[in-house]
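Common to both upcoming complexes is subunit A, partnered first by subunit B, then by subunit C.
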Partner chain A sequence: MASNVEISEKNFMIREGGPWSSAWKVAAFIGAVGALTAVAGAMTAENAHRFVYSYIFGYFTILTIALGALFFVLIQRLTSAGWSVTVRRVAEFLASGLPVMAVLALPILINIKHFDWYETVAGTPGGHASLVETQAYAEEHTAPAGEAKPEAKEAAKEHGAAPEHAVAAEHGATAEHAGHEGHDPNHVAHVETLDKKKGWFNLNFFYGRAVFYILAWVILGTMFFNLSVRQDKSKEVGLTLRAQAASPLAMMAFALSLTFSAFDWVMALDPSWFSTIFGVYVFSTAAVASLAVIILITMSLRDAGYLKSVVNVEHFHDLGKLMFGFNVFWAYIGFSQFLLIWYAGLPEETTYYHYRWDASAEPGAGAGPWAGVSLILLVFHFVVPFFLLLSRNVKRKLPSLKLGAAWLLVMHAVDWYWFVMPNFKHYSFEFHWLDIACPMAVGGIYFAYVFFRMTKHALIPVGDPRIQRAIHFHNA
Partner chain B sequence: MSDKTLTLYLAEYESAGACVHAAEKLRDAGYAAFDAHTPFPVHGMDQAMGLPDSRLGWLVLPAGITGVSLGFLMIWWMNGVDYPLIIGGKPAFSIPSMVPILFELTILFSALTAVFGMFGLNQLPRHHHPIFNSDRFASATDDKFFISVESSDPKFNLEKTKKLLEATHPTNIELVADKDDEVSEDAP
Partner chain C sequence: MSSHNLPIKELGEVSLVAEGTTFKSITETVAVVTETKAPRGWWIGFLIAVNFTGILGAAIGYLIWTGIGVWGNNSPVYWAWDITNFVWWIGIGHAGTLISAVLFLFRQKWRTAINRFAEAMTIFAVICALIFPGIHVGRIWYAYYMPPLPNSMALWPNFKSPLLWDVFAVSTYFTVSLLFWYVGLIPDLATFRDRAKTKVRRLVYGALALGWRSSNRHWQHYERAYLLLAGLSTPLVLSVHSVVSFDFATSVIPGWHTTIFPPYFVAGAIFSGFAMVMTLMLITRAVYGMKSLVTQKHLELMNKIILLTGSLVGYAYAMEFFIAYYSGNDFERHVFIHNRASGPFAWAYWIMVSCNVISPQLYWSKKLRNNIAVSFVVSILVNIGMWFERFVIIVTSLFHDFLPSSWGYFRPTLIDIFIYFGTLGLFFTLFLLFIRWIPMIAIAEVKATLPEADPHWDPSHASHDDAHGHDEDAHEEPAAQPAE
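Entry: the complex of A and B
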């Protein structure tokens, strides 16, 4: 297994003129087309609201890849892993794109008035579809009291962004509502839950958290990449020790930023719903998708003639095992969330599966339009890949592992579509061109940056003290 | 096994590398009834010995499927047919509440089959093996590496096997037999 190629920077650089030296241009082109289309959509009044949902879908589909790659780097550093050194650099490239993802979070932050909770907090109703539903709730509240309604609305308008006022108005509404017979019980739960969340949805706190995520991603993405790249030249062992020493705190920052950014920007799309395991669920998607991307990029580099002497079937076997394992973990976490919500049957929690299973425009009409997507996820994100990737031989054959990785990556996008889009319209499945444009924009820009960095640095950490262990790695 | 006394050659090596090379030589010479004894798992030894992929998976998969099926049948019969009880307002026979039990039974059947299947495939438990008659063999759990070639191998030959082993530069070769038997030089 020993290689004849000398482990030096120049032997592991991307050559001029090959497909990989211009890959970033292709990605940049896709990103530019996607971004222009998406911006054009965001500018129009009819699509501005849809844009936010499509963008969050695209953003998190890609963000989870970058964060998962960061997790892969951190776990290798934390455990002083030897086997993964030759595949770690690809993950480091992917994680080094996190500063780009931090910048790409801005469209979400700029558009927070499109979140359903915004009105509750800031008292400035928007005019879009989901808000109309929320407003319908509010009107339903105040309707029996009759006279109270215009006053409350006036007050909310006058005081604009004053949160206390909105709280007061909501409180009044809740009290009135409680006395009204024949109301929708889900509705009371909705309002009460939102009331309790006002501290969390405080705007300063919300932006403060966003600053924390962005700082964490910029710092972690840059730091671990630089520590590794500097070692290419200096061969200094101390850099490995520094990366190892930094990884426990980095792991905590990773976990907190991933969990709470998903809470703030995805879970909050349905503001009354909550699930404490949601962060773990998002983490599982990140782990699966990033391993799939690491496998695909590493294989593609090998196909282009790189890494042949240092990455072999043993490494792919282990990456495949991790991907398989984390995909089972994904199903386990997804089911855990479902089981608890199903068993408890609390109205403010069951909405999530109601929208994704049996909600249709006419009550009692049976399975809704999202039930099909839910079934696709169950069968094609778990059952089929489980049996496809179960066997050791499948994971040790590069074409079949490549198929499995590509498959799971597609399902990863479906999964994120399923998280985000039922919040846009609860009762219908409508595909929109922004659902293509936004992932193209985010993915294109992110991968253009990652692929560009790949042309500037060695494809393996040539200065890592454990590199020989990785080259001679065998599964027992 | 035949009534012939099991005899074996025990070759001792100082390093894992030498032991792996010896295993490769024996594999290439067509031996099958030989084994390596090392203080720790040696990477690459499976290939060096020419061991095929473990058959354990072919036992575990059906066991897991059996576990999930039996679990399903059990809950269907108990909750759905024999003694339906409404719990938490859910249907008496409802699939979501079955999943944890189906999962656990799959794991239980798979894990037990993996453990006992491993015993079976390794012909364990085994109360006696002549290799323990060698005094030097105790250091296989300490700092020495051993290759044993058993006389049950069709290629086993006192002269030729010894020559082959000598060519792998062991630090020691000994012929080990069951204690009460004398090793006769005209053994096969």
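Entry: the complex of A and C
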């Protein structure tokens, strides 16, 4: 296990010509293809609305990886951990991509008129046209789709004058009510509820909060990366102390930015639904997915001949334990939310699970297409990985751990699809090519940046004072 | 190799035990407490605690004789101090399980100085907690209805009720905690047996030590059992208080029904448990001279956990309050704004916030984290705050029923007060007996954290045979086991 490779920057740089030196180009190509396709989709009237949902799906699938990696870095700093020093740099690379994620939030922010709450609370009756008419169920609304797109506000102002239409539009996304808008007492209650949230869905406040998340991510992603890479050259112990000292406040900023960005950009897709545990739920997805990505990248680096002397089965075993543990935590949080909502049976909350299970709004409609996805999550995100990863042997055999990590990463994407997409059109499952293009765009751009940075810095924090502890670490 | 694990001075790392601590001094420090006469302070504390236990017995006797109407519970507040005390005690127990199981899996070796203590606290706290549902059934002779026992009346508890899940959750928790505690005790009980000077001690500790001979085989079995129990206890840390939170959150009562309750209750439980460990530890280590084993470093780390869990609890309070607003639900908003933050019980709410969220923030300062007086005061404040948290959750959600005509207020009776302080008496009685007769610090585990316990410690590779005899078993490094 111990090696005679000297711990210096030059011995842990990615070599020219290998697969890792050009990995960023592959990612960039995927990102470019995805981005062009997604932009093309966003520009067309019939797909503009879908784009927002697909984009939020792709964005949060990747954002949670970056934020989870930041969490990994912070927790190692907070606990002054020694075992993890040689795998921490991979997490630092991933977290250093947060400024990119901050920029990639812009497509969400410039499209907030596509949020269901927008017209009710923005103080204008406008905008709803884009909502209603670009819905897949637009057959019930015969207005031409082209009207919806460019100056949606203006277009809708004229168009949305009819009061009953305006009411319906606020609920454009609730397909179950399509066809009898304006007559359903539920709608009136729904509008009244949204009305009470105007303070929160105030546009300036909404953008102000977005600025806070973005600033937090840019600062945290940059700061912890810089503190670590500066140490590669200077070997200065004080940098470790500074990172440790900054980590508690950073953890608070992390927790608040993650929670409220998830509230604002995901939970608010269904503006009348709420759950206090939602931030914790999103955090659990971040922890699992980031550990899966850290494991996969570290293994891949090892396969390419890097890190062999400093990362061994002991580190993978520990990473595997954490991934397993956080996956159980994910199930615990998901189950807690489900059980409490199911047991209490309050209609304002149960909608969440109805949309993810039922075939239609009719009572007793039975299981619909989303029920399958819900079951897939239960069985393949929890039950199967639980039994797969429970054993010590499985976690200590690199191929089986790699399978577990890749598996959980796929399920992470399914999970986020399940979070976001039922809000687009309730009760019906329609896969759209934008659902591929958007994650490709976000993931490609993000990983291109991360992989590019990996070619510029050492793959382990060679200057960390605890590095020998990590190199010689073993699980007894 | 072990040099990599030595403290790095430039990073402010320090040894887990004070300078000059040896295998021998650890055994002496811990064992001597049970081998010499109890100090006067122990007797004073014990007499006070036994008196309170007597009050508890009398108050419970009166309650059973008269009925639970002797409590202040009345329409619309049918749950009050009884359930508050139950949840509070169960919560206090959580730190023991967290320290012995979760921190073990995370290889936090500093836990070794406090785990025995905290595990004992867990068991006694659960005993105190179990009194409340037991006596709350009113007709205590029907308490056996709680477990699902086959009976000729074909009567079964309601399996859909979280109250029944509680019976399972808490009894499982108690069983596993007791086993875990006992398994960990075996090597130390054997040490006591080997040191015994009287026949009674030799027989009693000998029987309890289950024939422990410190052989390699014994250690292997021991460590495997310890690891398995740690693995089993870890989900219990989460499950017990989650199920307790279901008692409230599965209902539709505003203030009770909220999805964050399970993890929020768990964080609060660990928070209050650590505060209680801190309170007890500060007194005990001063009285019994344990400062070489429970160092300032341990206290600082515990204070950091108090700051962390206090902040998690603060996060949960904020989420509850925010979502009450965000839900747009008038009843939710009413509970938080008019029944908690203002209104007749605002005093309780603000005691809760000040004690639980504000007071731990002092620990951002390293100086205050390391101040004994501050540590003591904050640990007491946190326990007060955590009691009020349960009181606020329970009573302020009930006293303004949905119809204003059913609004009321809650006032405890003398019996409420007697029974609550009586359980404190019972807890301290058990605790003082534990200190007197059982190794209160895990001798074998603390030894394993010494540098010389590392098999590769001695640079000259000298023989390990020396005056410490069987203490050398510590080189098995029981505290360094991995998690499965």
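Here, the second predicted complex is superposed on the first by the 402 of 476 C-alpha atoms of A that agree within 3 Å, B and C clash if a C-alpha of one lies under 4 Å from a C-alpha of the other, contacts with A are read in each partner's own complex, and residues count from 1 in each chain.
In this text, a contact is a pair of C-beta atoms (placed from the backbone, for glycine too) under 8 Å apart; a residue touches a chain by one contact, two chains touch by 3 or more.
In this text the structure is predicted, and so the values were computed from the model without any measurement.
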Are subunit B and subunit C a fit on subunit A, or do they clash, once the structures share the same frame? clash
For A:Trp200, select first, second, both or neither according to whether it touches subunit B, subunit C, the two together, or no partner. second
A:Met13 contacts which: subunit B (first), subunit C (second), both, neither? neither
Counting only touches as set out at the top, which of subunit B and subunit C does A:Tyr343 meet: first, second, both, neither? both
Is A:Ile376 in contact with subunit B, with subunit C, with both, or with neither (first, second, both, neither)? neither
Touching A:Ile277, do we find subunit B (first), subunit C (second), both, or neither? second
Looking only at contacts as defined up top, I'd like to know whether subunit B or subunit C touches more of subunit A. C
If you stack the two complexes on chain A, which partner ends up touching A:Arg392: first (subunit B), second (subunit C), both, or neither? both
Could you look at A:Thr240 and tell me whether it touches subunit B, subunit C, both or neither (first, second, both, neither)? second
Location of subunit C clashes with subunit B - one stretch out of 273-281, 381-389 or 471-479: 471-479
Shared contact residues on subunit A - subunit B and subunit C: 339, 343, 345, 390-392, 472, 475-476
Spell out the part of subunit A that touches subunit C in their complex, as residue ranges. 2, 80, 82-83, 192-197, 200, 237, 240-241, 248, 252, 255, 259, 263, 272, 274-280, 317-318, 321, 328, 332-333, 336-337, 339-341, 343-346, 348, 390-392, 465-466, 468-469, 471-472, 475-476
With touch defined as at the start, can you tell me which subunit B residues reach subunit A in the complex? 41, 43-46, 53, 57, 61, 88-90, 96-97, 99-100
Spell out the part of subunit A that touches subunit B in their complex, as residue ranges. 335, 338-339, 342-343, 345, 390-393, 472-476
For the complex, give me every residue of subunit C touching subunit A. 1, 4-5, 8, 10-13, 105, 107, 235, 238, 242, 246, 249-252, 257-263, 307, 311, 315-316, 319-320, 323, 325-329, 364, 477, 480-484
